[in-house]
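The two complexes that follow have chain A in common; it is paired with chain B in the first and with chain C in the second.
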Partner chain A sequence: MKKLLGLALGILTAIGGFVDIGDLVTNAVVGSRFGLGLVWVTLLGIVGICLFAQMSGRVAAVSGRTTFEIIRERLGPRASASNLAASFLINLMTLTAEVGGIALTLQLASSVHYLAWVPVAAVAVWLVVWRVKFKILENVAGLLGLTLIVFAVALFMLNPDWPQLAGQAAAPTVPEGEEPATYWYYAVALFGAAMTPYEVFFFSSGAVEEKWTVKDLNQSRVNVLVGFPLGGLLSIAIAGCAAVVLLPAQIGVTSLSQVVLPVAQAGGKLALAFVLVGILAATFGAALETTLSSGYTLAQYFGWSWGKFRRPVQAARFHLTMIVGLLIGVAVLMTGVDPVQVTEYSVVFSAIALPLTYIPILIIANDPEYMGERVNGRTTNLLGTVFLVVILAAAVAAVPLMIVTGAGS
Partner chain B sequence: MTGGGKTFDAVLHILDRQVLDVDKLPVTAVDDIELSDLPEGPFPDGTPAPVITNLVAGAVLATRMFGGRPPSSRLKRIAWRHVAELGTVLRLNIHGEDLDLLWTERWVHRHIIGRIPGGSHDPQ
Partner chain C sequence: MLLLIAACSSGISGPLGKSADEASSAASSLALALRLETSGRATAAVAETTAENMLDETVKAYQSAASQEPSDGTELARQQEVLQALDRTLHSLQAARLTLAGGSAAEREAAVLDLEHQAAELSRLGKELKP
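Showing the complex of A and B:
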């Protein structure tokens, strides 16, 4: 019974933890412009993140080595230092976007300007990272994030033309008035949002935080393989809501209030309350994950002591990194830069950084010195290699598409 | 290099690996290794092969990437005799606290993290 509860909890947190500010904004933008015409990208991204999150978790559980230690060992100091610089900066950008997301949600709930909420949000994130146990922070954020299911409920309440939605999803076309380049730009963005590298840093470090062993692998596999796809369905529901309400009305998504507009229209104040709690939990959870990831990547590259399972004084440089990361995020937001725009850029830059993270994982997962007999099977390797090609294509296409489309405008 | 009949590749199996102290506390990554001195000029017959004398960490990482070499006095060393086990990590037989190269960790601990309330408690 206890085992079953643990399993349920793991799945639920995986669902709630899947969606972050990047998924929220990108899916709503895409839904409002292309309907469900990019659902295939979300599906592709879900398969990819399942594959590589599971692989990095398995490597961490079997060998005790986390993703960034492996990147350093395999790429050598120079290549991995540039990898670290890129990953750290992009993670910082995502962290900034998530803290901005918390502040924007609080603004929607309270009518107090979001800039007043930014320091509050950052302090709250830091307090949790400083004092709360890993397991608790992971579970609470994940479970509260489940309230985002209200997006799926809202989609049904909006009573959409289902065959039309299915048609958009099954036979994707570039709508009139949109350039093909813009379509592909958002395809890359959506892919980056689903496969953000911090999820893998967090997942593999989390496996060490929770002291996973080979015995925990089955449970983690179920968590990922059931939880992430269900979380991905939430992403599709967000796009679906935008496709039903915003696309016909030609409302572009430039702020968080437009993301939640379809839910408010479908379910009124109660639904709005639910969705705000959900977004708050999702962004807060992701802010915790990205804050921790900033510490994880730097500490693992340099071989510092790290981890929430230690007291802060036993991982001093790790905690200092996270504090500095949060301060930088706050400083960037305080310049008045639009958090929604930071989010949109962060997912595209994530797409560019994807190969840097995923290639070393694939290599180590095949190294018997680390993995013993638990090296990748043939199917996993085949899928992994196919995905590597997709990931490389997305990474290479990202910058040219960004320039050609003026970042999707 | 051979150890117990098993052959190790110093670049592949030692460089950039994580070093843990006797309590499994992470110490550093192996930024470089130091070899025993060789005589100048052509080697006379029977010169012993150089052996690893120290693991090195710290500023040497920058020079390993960009070339050059830091003055010997600036190198932060761990003597090879303290290496107890060579696997996917290097295990030491001493406490990290005794090592000079952890002075930054100690400095941040003492002056910043240790001064924030709650820093020395277990997370709850």
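Showing the complex of A and C:
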């Protein structure tokens, strides 16, 4: 019974923890401009993140090593330094976006300007990272994030033209007034939003934090293979709500306040309360994960003592890195830069940096010396190779598409 | 490379059309938020935040349109037309925002209709200016 409860909790946490500010904003932007014409990218991203998380979790459980320890060992300190720099900077960008997301949500709840909430959000994130146990912070944020199911409920309550939505998803076209390059730019952004690298740093480091062994692999596989796809359905529901309400009204999403309007239209203030709690939990949970990931990546590369399972005094540099990361995020936001724009750029840069972490994990998961009998099977390898091609294509196309489309505008 | 050249060579029609579209979207957004708040489906905080965000968006669109440098009389006339429409929209957004602070139901309904009218006007301009 205890095992079943643990399994259910793991799945629910994976569902609630799947969506972050990148998913929220990108799916709403895409839904408001292309309807469900990019759902295929979300589905592709879900398969990709399941594959990537499952491989990195397996590598961590079998070898006891995390993503960045492996990258440094395989590439050597010099070559992996550029890898570290790119991953760390993109993680910082995502952390900034998540803290901005918390502040924007608090503005929606209070009408107090988001800049007043930025320091409050950062202090709250730091306090939780400092004081709360790993398991509790992971589960509470994930479970509260489940209230985002209200997007799916809202989609049904809006009583959409289902055949039309299905048609958009099944036969994607570039709508009138949009350029094909913009369509592909958002395809890359959506892919980056679904496969954000910090999720993998967090997942593989979490496996070490929670002292996973090969005995835990089945549970982790179920969490990933059931939880992430169900979480991905929430992303599709967000795009669906925007497609039903905002697209016909020619409203292109540029702010978080527009993302919640379809939910309010469908379910009134109660639904609005649920969605605000859900967005707050999703952004707060992701802010915790990115804050921890900034400490994980640097500490694992330099071989510092790290982990929530150690007392802060035993992992001082790990904790200091997280504090500095949060301070940088706050400083960037206090310049007045739009958090939604930071989010949009962070998902595209995530797609650009993805091969840097994906390739080493794919190589190690194929190495019988490391993995023994837990090495990738034939199907996983085939999928892994297909995704390698997709990830490389997205990374190569991202910058030219960004220039040509003026970052999707 | 061809795509890059094409992206850089559409004159000021493209940027002006983009500004018109962005402001149209902002006006429609606030109209929707105001309707939802008036019917009790959205909170005042959500409507106020939407108003603030949409004013910011429209100011950015105005600045972008004003920064374009027309190369002939036709482009200058087009720019003035867009700037005037954006100016009217900024007034409508500001008026709608004020109704949130204590306007009557009739005033809010009038503000919504005005925003919808401005959004339609800007959408038409945006379509005309598409290169």
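The rule is short, and it goes like this: the second predicted complex is superposed on the first by the 409 of 409 C-alpha atoms of A that agree within 3 Å, B and C clash if a C-alpha of one lies under 4 Å from a C-alpha of the other, contacts with A are read in each partner's own complex, and residues count from 1 in each chain.
Keep this in mind: contacts are C-beta pairs under 8 Å (C-beta built on N, C-alpha and C of every residue); 3 or more make two chains touch, one makes a residue touch a chain.
Remember, it's a predicted structure, so these values are computed and weren't measured experimentally.
**Q** Is A:Val404 touching anything from chain B or chain C once the two structures are fitted on A? First, second, both or neither.
**A** In the superposition, A:Val404 touches chain C alone.
**Q** So, does A:Pro368 touch the first partner chain B, the second partner chain C, both, or neither?
**A** It touches nothing on chain B or chain C.
**Q** After the superposition on A, what does A:Arg131 contact: first (chain B), second (chain C), both or neither?
**A** first
**Q** Can A:Lys308 be said to touch chain B (first), chain C (second), both, or neither?
**A** In the superposition, A:Lys308 contacts chain B only.
**Q** Now for A:Ile251: first (chain B), second (chain C), both, or neither, which partner does it touch?
**A** A:Ile251 sits against chain C, while chain B stays out of touch.
**Q** Should A:Arg72 be classified as contacting the first partner (chain B), the second (chain C), both, or neither?
**A** first
**Q** Which of the two partners, first being chain B and second being chain C, lies in contact with A:Ser111: first, second, both, or neither?
**A** A:Ser111 sits against chain C, while chain B stays out of touch.
**Q** In the overlay, answer first, second, both or neither for which of chain B and chain C A:Leu320 touches.
**A** first
**Q** If you look only at chain A, which of its residues touch chain C in the complex?
**A** Interface residues on the chain A side: 107-111, 113, 177, 181, 245, 249-252, 254-255, 257-258, 260-261, 264-265, 268-269, 272, 400, 403-406, 409.
**Q** Could you pull out which chain C residues touch chain A in their complex?
**A** Residue list for chain C touching chain A: 3-4, 7, 18, 21-22, 24-26, 28-29, 32-33, 36, 40-46, 48-50, 52-54, 57, 119, 123, 127, 130.
**Q** Can you list the residues on chain B that touch chain A in the complex?
**A** Chain B reaches chain A through residues 15-19, 25-31, 57, 61, 64-65, 88-89, 96, 104-106, 108-109, 112-114, 116, 118-124.
**Q** Any idea which chain A residues touch chain B in the complex?
**A** Interface residues on chain A, with respect to chain B: 63-65, 69, 72-73, 76-78, 80-81, 130-134, 299, 301-306, 308-309, 311-314, 316-317, 319-320, 369-370.
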